[in-house]
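Report on the structure given below.
Letters A, B and C name the chains as they come in the text, with residue numbers starting at 1 for each one.
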Amino acid sequence: MIANYGYKDGSGEYYISIDTSKCVDCAVGRACLTGCPKSMFESMTDDYDEEVVWIKAAFRRSLAYDCATCKPSSGYSRLPCTDACKPGAIKHSW
Amino acid sequence: MSEAVLAPTEAAKPEFWRWQETCWADESKDWRSAKSITVGVDVGSVSSQCVVVADGELYAYNSMRTGNSSPDSATNSFKGVQLKTGLTLNDVHFVVGTGYGRVNVPFSHKAITEIACHARGANYMGGNKVRTILDMGGQDCKAIHCDEKGKVTNFLMNDKCAAGTGRGMEVISDLMQIPIAELGARSFDVDQEPEAVSSVCVVFAKSEALGLLKAGYTKNKVIAAYCQAMAERVVSLLERIGVEEGFFITGGIAKNAGVVKRIEKLLGINAMQTKIDSQVAGALGAALFGHTLVQKQGPQKPLIS
Amino acid sequence: MITAGIDVGSRTVKVVLLEDAKVDGAPQLKYVVKGKHLMFPGDLDADAAADRAYDDALAAAGIGRSEVSAIFATGAGRKMVRFATDSVTEMSAGAKGVCYFFPTARTIVDVGAEEGRGIKTDGSGRATDFAGNEKCAAGAGSFAEAMSRALQLSLADFGEVSLRSTKSIPMNAQCTVFAESEVVSLIHSSTPKEDIAKAVLDAVASRVCAMIRRVGIDNDVVLIGGMVHNTGFVQSLKAAMDLADLKLPEMPEYVSALGCALLAAEGVH
């Protein structure tokens, strides 16, 4: 399952997708949880009883602002979260 | 809109945004002869539904406006079904809660997300050919992909903005002073199909609507422009995950032909039909999850008698 | 020489008339504000509204149209002011106007009725960077206005009332439309009005702050736009941006119009 967390408003579309089939049985010990400087990810058990990660509810509606500190405008060329996720489950839409 | 803030002495003004509350039961069935009775309760920020599934089939449902207290809404929505059928919580084998208030259904045995419940409900209502679900709820808008069993394979939800949600439509109903159930039909009674209101924001669309009226638009044309804007916004949400046939729409706005027809036109795909009230998809899916759980775990004691 | 600046906003039209003046003992003040006018247009025809506002300002200042050398326009409706000599962006006008009052300004926060923006300046009056609230009403004045209606308070009282609050309740809703329902629920659960008012202003302040962070916060920070009159908002913004000092100009809604008039004067030179 691909779970998309985020929103669209007047300024654009900002979604972080998590491919749960790649996320379950994580081979890197949930490196995303510590990889994100703002700890935006957390572990949970989904509706189909699989242990995966999601974006914490507090961040889901302000991704453009929260992720800005990791984007090229702040000098980063690679995202810490997608780098940490070796299975490639995490994707940013912008 | 905020009718609750009016002083008690003011005469009740007509509330145009009020949609029809419904309560239905299958008169041809008797729940007393069912082996498994499960209940799904979907408490949203705008509306609440309670669905009863008997032996895996839809038996009864109640749909009403959520008041100011989520736990009370859950209890009240069940009471509606109780009044109609005589069913009590003691007769129920499993209760699943979902929606914004899924943590606020005091008598539920399990909580399941509205995404999974809508997919399961749509699978029942539209059949196993349903692959893409659009849910336009009171305060959010969801695009869901599912397989032939109703299991979610992809989803996307937008609950940041009122555009594309029921509240957005209520704002226009209130502004135009036209009952919400009439908006759809009126949107087609225009001399020429107008362009969408250009804003993605309902607050700005409101100011824009006033400007259009001054510029000579009829009320119907403004409604049409608004429906078009909502359709375009919703379609862009859908296109983010792609639209595969069979396409199914749930939620209150499914009853608004003005938006539905415009969505179908933009996609070039028609939505599948159902005789069941489109607002109950979430609660129905919840009750069906409950049914599966009863098969696996056996019936559970009621949490509140 | 007299120039005029017209700021056609989403709600109000502001006009500033500027005359050059030789002020002894204060050589940095090259101009003096000859007149100013604020109008709430009943309709949305930007050109007609700007025209009326301009006429009213001229009449109040006792100046004839022919005496004005140049008129620059800014704001959401700037392209629709047909009688303007030229139009400039809100960024240029804001930076110019603010630096007139505060040459030490480096970050400008402009919160209008429907739009908000953060402007960086180098103190010379030029805008070097900016970020906008991008078509979301929740980061602007109309959010506070809608909430004040839900609370049945005038906008003026709204700010005052929020200052009495000692609690910080977070608001869940991002959208103005949803926030209105949330405010109604809070009222129903008997939350005191001052706490709700503060929660609303904190929400706008945090949105404005997030916007400003995109250009970076450097002292001195100046707030312009109508929200300056809302003392509660000023407090919330100071807290959100973690500022010891937030500069407030005397005629906050007119700063952009003044900037226009200054640019018009320089253009003519």
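Brief remarks on what is shown
Here is the rule we go by: a residue touches a chain if its C-beta (ideal position, glycine included) is under 8 Å from a C-beta of that chain, and two chains touch if they have at least 3 such contacts.
All values derive from a computational prediction rather than experimental measurement.
Comparing per-chain C-alpha centres with the mean over every protein C-alpha atom, the closest match is chain B.
Compared on C-beta pairs in contact, A-B and A-C come out with A-B as the pair having more. Once the centre of each chain is set as its mean CA position, chain B and chain C turn out to be 40 Å apart. In whole angstrom, the spacing between the mean C-alpha positions of chain A and chain B is 28.
Each chain gets a centre from the mean of its Cα atoms; for chain A and chain C, those two points are 36 Å apart. Contact of a single residue of chain C with at least two other chains is seen at positions 135-136, 174. For chain A, residues touching at least two other chains, in rising order: 7, 9-10, 61.
Multi-chain contact residues of chain B (touching two or more other chains): 160-161, 199-201.
Per the touch definition, chain B reaches chain A in the complex via residues 112-113, 115-116, 151-161, 199-201, 233, 236-237, 240-241.
Contact residues of chain A toward chain B in the complex are 1-5, 7-10, 13, 15, 46-48, 61, 93. Residues 10, 43-44, 114, 135-137, 142, 146, 149-152, 174-178, 180-181, 183-185, 187-189 of chain C are the ones that touch chain B when the two sit in their complex.
Looking at the complex, you find that chain B touches chain C at residues 1-2, 4-5, 45, 68, 139, 160-162, 167-168, 171, 199-204, 207, 210-211, 214. Here chain A touches chain C in the complex through residues 7, 9-12, 61-62, 65, 68, 73, going by the rule given at the top.
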